[in-house]
Amino acid sequence: MKGATVASRYGGVFVLAVIVAVLPWFLPNSFYFDVVINSGIAAIVCVGLNLLIGYAGQISLGHAGFFALGAYSSAILTDNLGWPPIVSLGSGLLVVALLAFAIARPILRLKGHYLAMATLGMGIIISIVLNQEVDLTGGPDGMPVSSFSLLGQEVDSELGWYWIVGGSLIITVWLALNLIDSAVGRALRAVHGSEVAAQVAGVDTTRYKILIFVVSAVLAAYAGSLFAHYTGFLTPSEGSFFRSIEFVTMVVLGGMASVFGSVIGAAILTALPQFLTVFHDYEHVMFGLVMMLTMIFMPKGLLPSLRNWINKRTS
Amino acid sequence: MSLLEITGLSKSFGGVQAVQELEYTVESGKIHSIIGPNGAGKTTLFNMVTGIFKPSSGEVHFNGQDVTGLPVHELAALGISRSFQNLQVFFNMTVLENVMVGRHLHCRREFLQSLLHTPAITRSDEGARHRAAELLEWVGLKAYVGDHADSLPYGALKRMEIARALACEPKLLLLDEPAAGLNNKETQEINELIQQISERGITVVLVEHDMRLVMGVSDHILVMDHGKKLAEGTAAEVRENPDVVAAYLGRGD
Amino acid sequence: MSSELLQFLLSGITVGAIYALVGLGFSIIYNASHVINFAQGEFVMIGGMGTVFIASAGAPFPIAMIGAVLLAVVIGISLQKLAIERARHASVVTIIIITIGASIFLRGLAGVIWNRDFHSLPAFSGEQPIHVAGAVIVPQSLWILGVTVAVAVALFVFFNRTMIGKAMLGTAHNPFAAKLVGINTNNILILSFALAAALGAIGGILIAPMAPTHYQVGIMLGLKGFSAAIVGGLGSGPGAMVGGLLVGIAEALAAGYISSNYKDVVAFVIILLVLFFMPSGLFGSRASERV
Amino acid sequence: MNFVRYICTLIAGAALALCSFIGIAVADTIKIGSFLAVTGPASFLGDPEKKTLELYVDKINEQGGINGKQVELTLYDTGLDAKEAVTFVKRLISEDQVDIIVGGTTTGETMAVLKEIEKAGIPFISLAGASVIIDPPKKWVFKTPHTDAMAVGMVYNDMKKEGISKIGLIAGAGGFDKSCMKNAQALAEGAGISIAIAETYGKGDNDMTPQLTKIKNAGVDATLFCGFGGPSSIVTKNYAQLGIEGPLYHTHGSCSKGFIKGAGDAANGVRLPCAALLVADQLPDDDPQKTIGMDYIKAYTDKYGSDVSTFGGHAYDALFIAVEALTKAGTTDKAKVRDAIEATENFIGVDGIFNMSESDHMGLSLDSFKMLEVENGNWKYLY
């Protein structure tokens, strides 16, 4: 029993680390690097979001709001106030953590579709503010962000960003797996399974829901901050309702309550539009179709469906 | 010594009195049962004792402490646990993990340490895993330990819920219709299990419709009707109580 | 009442009536299947764009309108049969993603098959504004309000006076019991998607003379309709109506008195506040969990 | 297993897609890359731009290409997502290895890709409005549309002529609208105009009566509308319904026939600055833009059957500036092509006459705008 969980925990992380380490030799140019880096950034958001949606069973249709807040905090503090990027990043995470903590209690009292509405509203409010505060954010035309530097060392190569994002993703996945396989993680999954039974077992469900909401928001903000410095330019579409839906789709597509599923879901959905360009005008039609068909035939998501199938084959 | 003391407890839902002015005492170490027709307020009473419902009025004392209206998880920490009439299983987890959730309060659960999975967390988890496996074996579910909860038969889930409740190491265990939906043999096994639980020094309160089970195991029986106490006493006393006879026979229940 | 306030209210009620129609669609489908159909907004688009393109093929407007509603109904039924029904055992979030996929699909198709321009319909009965106590209202607003009220009354009669309507409500409350008494719950599902699609399309046709229609109009109207249904309480018809009017009026008053920059923020804050104090919306059932 | 078959189909599809996007390198073509917001909130701008590029690249190839080489257009739809725009530009540069990029429907997308463009050193002609794109001039970056500031300046000149001094502003929430509003506020003082009230509406709004009621009650001489698409018609209708005094001005965002069709009779009397294209038939015969405008209108409506807007015109000008530069440079050497673009002189486009220089990477002057008024449901050329 013990051996199995530890092996699956670290085995997966090891495989991920090997893939991350080897991949750069197979990426021919900056376009491929860009897709992979964007996948990695999305994957960090999705691993956090999966803790909230897949494990704790609390839906959020507003996480792009946190992503954008992290991104814009970094941009504004670094470029408008001249703070060192790493300090801006830390401050951004703190701001998002406090905000998420403040709204978590009333929002997480809601359930199901009502929670979906409330988080959606929250995301839209953030996105409108980013759009309207032109003096601070540049409004819809966006704002430039200077590159990331640490100890006087500037990161501006694609390979540099690849290692930062890849490393961050490995650590995020490792931390998430650790958390899930602990009393805290079991408590979270219990909240999903039956809130009242979890309480009877002594789980302070409100506290854990708030905790995981804040954790997922902070991860989104961290990814947002990386994105801001990596791409060098921000527009409010990073915080839009569509982006939130995209994150949730990645989580569900990869597989709810599957950390590696989230990584796969993020990679697939980031790369998919690049493949679909062959359909020209029908690109979006195909995108919608792929979304629908995947979820109809694999309602549990790619990775769990694949695992089920392999289990059935082998047994 | 009384473990649980309920005084003047009432609960109403939008004008409907589910429980009215109830006085009830649970003695430490004994097996208690609560019987009564559907809608008598038995489960509502459980829900108030475990903190799921806030009482409209009245008080609940546990172990000499006023616990009226405390949140569920705090009552759990004080030593009150329960099973559910309609199963409340964590279907997204394995059987072992279900019971491990019951060990929540006995596990180390510092957030940062959990993130890093420090050796302290690993040790505490090992302890919980060991204890949960033990309890599953004790309730007779050894064969199912590694299975997913959604693959278990109904009767096994009922036992798993009891194992989960026991994992909390409660002083008071409330069992809501543990024999509902079980066949004779299974009911007999539950009967034995309840007696074994009691032998471990855990006070048990049982809500049950199966009269043979109730009459067989109970040291004390409370009869409820329309949210009120109709009668209480030993099995023999209750059986001969004219009000009880009238209520049951009159309704042909 | 100042004429200014009256003007804001008239605007809010008109727009709110459209939100209410879309919201009703959400509620009807939710009742029948506990599914939130995020493609609801696309029915609005199909109503408006469908009318435009059927009319441009030479059909008179009334025929084009009926044609567009029928088109929406057919698509609604296909959505139910081809997508929702096949995924009925999937989780809530999975079904949400499926309906979002459907909306991207339909929107994409409309953009290619029709086009990506803005199109208008002529107002049903002229554009001469009517003056009321210092405020103005256009005849199309009266059409919108009139049709919305008529739809509300028709739905009330349908759900409370006809067998099939009662069967739909019964299925919403207890699908198992409904099956037992011989109701074909599958037909009920089809009917509710058809009804919701028709309501959306009617909303889309009504608003097109006021605000040009476009292959993407469904996005925002769908969102606002969802807000309306949630604020009113999911599954409640009167709730969706009140919710729609509330969102519409909140937007208009916020634009008029607070800040037009932040009018949508004000509307969403009101929605959030309603939910914080009434977690199941204004008219939602507050069923507590049975344990 | 249903989903196994499904996965196989997916993989097959992906492989197919991969093959075509790695692409069979066709030797000796000139590759023009483009990224446009064909779908999404700015599809009103991006869609005619795409149609124009496809139409004229075909025409150029029919006529023998550039310097005897065929032209290959690689066009991606960003859906108005700056992140996608950056990825597509990287793809155009490093994967498709295009020789020049024409595109960027909005200011946001354009600004997002500048870092990449400058790093790679590839000539780029943007189709977006804001002056920040070329001010200060960046080595590789050019643009064709008039700036929002020019449109506002034109409107203010006309207002002064009409004796208007106190105005109301109404704008949407998009980038075009915000930029226009910002310029209107910044230029007002210098033009001797006071803005009494500034209102905005949100995405997908269907009724702007509340905002216009406030403008009405502010007692302004005229109102300036900053926006495009459906709202152009809604605002105009609401304005007429409320019976607001004074003329309504639009900017170049409403320069499409769809606006007049949507607003109906309410459009009559609206004044706006547009490119000469819309009134090509009314221009005096000696106007150099007359033929080119008429030709573009004919080609576009023949092919697509829909009315032209001036947005497609931006793409037309950008494409032909690129073609002229490629022709003159006689090579696809990026630096030489860039120099040729910068040397564009007296280029007659539908947007106006372009004269670029080291300090001016747009090359249009204020007089390239024409002032129009809507009369009897049609454009009327004023001056």
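We call the chains A, B, C and D, going by the order they appear; numbering starts again at 1 in every chain.
Just so it is clear, contacts are C-beta pairs under 8 Å (C-beta built on N, C-alpha and C of every residue); 3 or more make two chains touch, one makes a residue touch a chain.
Being a predicted model, the structure only gives us computed values, none of them experimental.
Graph distance from chain A to chain D, where chains that touch are one step apart, equals 1. Taking each chain's centre as the mean of its CA atoms, D is the chain most distant from chain B. Each chain gets one centre point, the mean of its Cα atoms, and the points for chain B and chain D are 71 Å apart.
If you average the Cα atoms of chain A and of chain B, the two centres end up 40 Å apart.
With centres set at the average Cα position, the gap from chain C to chain D is 34 Å. Chain geometry summary: the mean Cα position of chain B and that of chain C are 47 Å apart. In chain A, 128, 132, 196, 283-284, 290 are the positions where the chain touches two or more neighbouring chains simultaneously.
For chain D, the set of residues touching two or more other chains reads 39, 202. Shown for chain B are the residues in touch with two or more other chains, namely 52, 84, 88. Taken in their complex, chain A has these residues touching chain C: 53, 59, 106-107, 109-114, 116-118, 120-122, 124-125, 128-129, 132, 196, 241, 245, 248-249, 252-253, 256, 281-292, 295-296, 299-300. Partner chain A is touched in their complex by these residues of chain D: 1-4, 6, 10, 13-14, 16-18, 20-21, 39, 76-77, 79-84, 86-87, 90-91, 93-95, 106-109, 111-115, 130, 132, 173-175, 178-179, 182, 202.
By the touch criterion given at the top, residues 30, 36, 83, 86-87, 89-98, 100-109, 111-112, 223, 226-227, 230, 234, 261-262, 264-265, 268-269, 271-272, 275-276, 279-281, 289, 291 of chain C touch chain A in their complex. Residue ranges of chain A in contact with chain B, taken from their complex: 1-2, 57, 175, 178-179, 181-187, 189-190, 192-194, 196-205, 211, 257. Those residues of chain D lying in contact with chain C across their complex are 38-41, 43-44, 47, 199-207, 209-211, 213-214, 217, 229-230, 233-234, 237, 241-243, 258, 261-262, 264-266, 306.
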